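What follows is a pair of complexes built around chain A, which joins chain B in one and chain C in the other.
This part shows the complex of A and B:
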């Protein structure tokens, strides 16, 4: 009995010492002062030096939390036990968040740096007039291929993927809209096509791709492509950039038929506690120099027109990541298809996946 | 026991190698100066330095330890009480029902437990953070402690209790001087089990964290989704070593408790 009590005391003492240390660490970092800003972002999606810079400039302490999928983020915000001041969801989920009344409108008068954004990326179908969201990064969906494995072969179009030479070489992402979108685009239809016959046609077309598919994977595609486990991948441009930093043999292309244009956007959830600081932070991130530094770090494409001037000429003129007007006009933003249509997309994708097994 | 034959030793070595190879691989690359997991360039401790320089990560590590220690301690107390209650339950049906209810909690998927806690906490209005994670961890650790302690109580000779009562011991004396000392090894086993469960739990914690509070497994997960940086390897290495130390500590505690003459009335 004595032994048990002694052990229990030891455990309690150690825990309280640890709690004390954490408390000291927290207060030395300033987390306990009232003026904090809680940011909910994707993992590794900001240059941490910028957070420090923001803290120094404004005296606001930033608490930085990360999520790994839009759905996880949505759940946390929906159920209300949290107080995030800023979140960075993708565009298709913003539509949903607006409909479910989870966002606060953004006061544009507090964002003098808003003018630096490229008008191409404003006033889009998911949020007309940018009432609730400010673009953070944008990108495309395209084909990443390894020139070392494929030799001189150049890929330019979605239809190239159906070439029998690429047997068991392609990695797809496990996402209904990307995969069906690829097929729809290759047939010349819109990514947001609601015609069931067109969709059936698209589904049959990807069924025919089966022999070329090596696997349908999630985020691990980055490592697989980087390590040259597969020659071709359907990827987001950001992933492509990261792979290209690590492996010189890969090439990224936005197929000529067109593709998806996606956005990650800063929003202020309804549960925000420090709306003032949230605006200050959004404005800070829109500053051209800050945006340029952040873009250098993250590697995605920035919607900030002025920021491009502060960036490496080589990066900015890279058509793979900053496509010209003609190419951007072929890119489509996902529209909210409605529950029924989305379910139909998912069903078709599921059928396709079962077909491949 | 018969000495192991050569073949079975070889088999054992291969088996352990397969089981530990991924961990060793990961640990090996935590010393890589190259920055990737497939090409070893040179030895460096930079990842460890980066790790200790990151105060946010340090806070997360400490939080994880605090949650583990506190939840293990509290759930051990509750679990021992629960095990005793099950033991003393007179009717067989009550006993079996209690035990089954306990076991259901162990086998039910973490995801369901996590999701139901999330709903519960939101309904009751508990803010997600330290308290919610602690409560959830206590809740899933209690059944484990019960399972670890119960066999020890069952194997206890009931005559000891009757003898103590005959010799004038009160109920309280019986509990503190006979029963608890006898089941101490079981209690420690339960405590360490709860500790490791809490340390490595991901699914439940994932649901109930929020407001700036995270534990290590959740943090590693969200880091790893965006491509693994080698400081995760460094962190995992440290965590692995820490777990090894726990196992060794547990070994010595049980060994000491099993020495003849140290059991029973003290």
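This part shows the complex of A and C:
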């Protein structure tokens, strides 16, 4: 018993010493609560030079942490262990965070650079009036195909995927809304369709795609498509860009019927300690030159209209990643379908996966 | 006095079991009675008996059975040969070694090996068979699973064989039994406990495999484990996920009872 208590005391004393040391180290490096900014972003999703530039311009110390899925990010913010001042979730999670009251409203008067954003990407259903979120990057869902394997066959429509010539050549993503969405789009329905008959029709249509499907995979699709394991993939535009950097034989297309438009937006979580600095950072990232530099590094599409002027003409005029107004008008943002409807989507997707046998 | 202090030292274990064994199982059971909106319901159990989930249950059992069967067929001869070699402990260590490597790493390695341009297909090309699709097939799924579970099957069988009294085998030979009869009537019955615990250790996790179904089988094999993962992480329908887990727990208990060691004297 005595030994137990002694051991417990020893552990406590060591812990206190360590806490003291951490505190001293932090304050010696300028990490005091007044002037730090904690950012929570996707991995490799910012040009790190810009963080240095921001620190030099404002004297604010940045603590930068990364996550690899929206769900993981949400869990950490809900737990509230670390007080993040900025996070960069995707649109469907923002909707959820607003409903669960996890976000602080954004003070637009502190964001003079807000005017540079393209109005096409503002005031969307997941956050009307951009009260809680500011667009960071955006993209689409489309078809990636390998011209070396398929020859000069050009894909333009979702319906092209059902061609029997593509037997065992398609990699789908393991995500209900993307796969059912593809089918809904090909039938001319909305991506946010709540009509169960339409959904059943869409499910039966993808069942018919089974012979062409090689596999339904997660993030490893990038590697598989890059290594020409399959000729065709259903991918997000960001993934497409990354694969295109590595493999010259692939082509990306947004199908003519329309597709999904997704966003990663900057938000200020309720637990934020330095709201002032968070606004300063958002404004900094909206600066056209900064946004242009960041876009050059990350490679996704920027919502900043002015930034395009500072970027390579060839990139900006690339219709695959900067589609024109006519195309973007056909793109739909995912709406929050509600738990029940989302469960129905997932049940259908599970049935479809069972059908692949 | 002495038994009191012994009870005192038991406290950490009791707390451990209560917190990490009893509580989670009760929580799983509790959640299984709620629907997606948090209302009390028995619908999850009704839903489990629809064709989708029954088919999934059947395919989980079927694949787990195949995996266990092939693992046993490969493991028994290896374990038997191991007991006959000189450096058995060293060889045993070498066989167990791969299980120290993370499962995901091994799965990714197999994606490379079984890929269209991977080592396995280059070999098929050289011997004149030509490139075949190996990745994302039933074959690759069962092959990789057997590879991963092999050490867990070899160990208990090896121990059982090692403990076998060699004079029993000699006696059987002396009495004129053929090698096959000796194996069937003497060696195998005496090592059946090792086989049983090996099968338990393989069958139960194989029933709820989920990462491999996506990485190696490309979601063309759907097991109950895949469904649980989806319900908890994507749909956030914890009730349905928990219900499937309840059935898995029941299945596992049944398997433990069926394959458990029988009391001496009954057999």
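As a convention for this text, the second predicted complex is superposed on the first by the 322 of 357 C-alpha atoms of A that agree within 3 Å, B and C clash if a C-alpha of one lies under 4 Å from a C-alpha of the other, contacts with A are read in each partner's own complex, and residues count from 1 in each chain.
One rule holds for everything that comes next: a residue touches a chain if its C-beta (ideal position, glycine included) is under 8 Å from a C-beta of that chain, and two chains touch if they have at least 3 such contacts.
Predicted model, so just to flag it, every value in this text is computed and none were measured.
J.: Applying the document's definition of touch, where does A:245 land relative to chain B and chain C: first, second, both, or neither?
T.: Neither partner.
J.: First (chain B), second (chain C), both or neither: which does A:20 touch?
T.: In the superposition, A:20 touches no partner, neither chain B nor chain C.
J.: After the superposition on A, what does A:227 contact: first (chain B), second (chain C), both or neither?
T.: Both partners, chain B and chain C.
J.: Touching A:44, do we find chain B (first), chain C (second), both, or neither?
T.: In the superposition, A:44 touches chain B alone.
J.: For A:67, is the partner it touches chain B (first), chain C (second), both, or none of the two (neither)?
T.: first
J.: Once the two complexes are aligned on chain A, which partner has more residues of chain A within touching range, chain B or chain C?
T.: Result: the larger residue contact count on chain A belongs to B.
J.: Thinking of the overlay built on chain A, is A:340 touched by chain B (first), by chain C (second), by both, or by neither?
T.: Only chain C; A:340 stays clear of chain B.
J.: Starting from the residues of chain A touching chain B, keep only those that also touch chain C in the other complex, and list them.
T.: 1, 223, 227
J.: Which bits of chain A are touching chain C when the two form their complex?
T.: Against chain C, the touching part of chain A is residues 1, 71, 168, 174-176, 214-218, 220, 223-224, 227-229, 339-340, 342-343, 346-347, 350-351, 353-354, 356-357.
J.: Considering only the defined contacts, which chain C positions touch chain A in the complex?
T.: Checking each residue of chain C against chain A gives 8, 36-37, 52, 55-56, 59, 108, 111, 115-117, 133, 135-136, 214-215, 217-222, 226-227, 230-231, 233-237.
J.: Residues of chain B touching chain A in their complex?
T.: Listed in rising order, the residues are 36-38, 55-56, 58-59, 62-63, 65-66, 69-70, 72-73, 77, 118-119, 121-122, 126-128, 132, 176-177, 180-181, 184, 187-188, 191, 210-212, 214, 219, 221-223, 225-229, 266.
J.: Going by the contact rule set out above, which residues of chain A touch chain B in the complex?
T.: Checking each residue of chain A against chain B gives 1-4, 7-8, 11-12, 14-15, 18-19, 21-22, 25-26, 28-29, 31, 38, 42-45, 63-69, 76, 79-83, 219, 222-223, 226-227, 242, 246.
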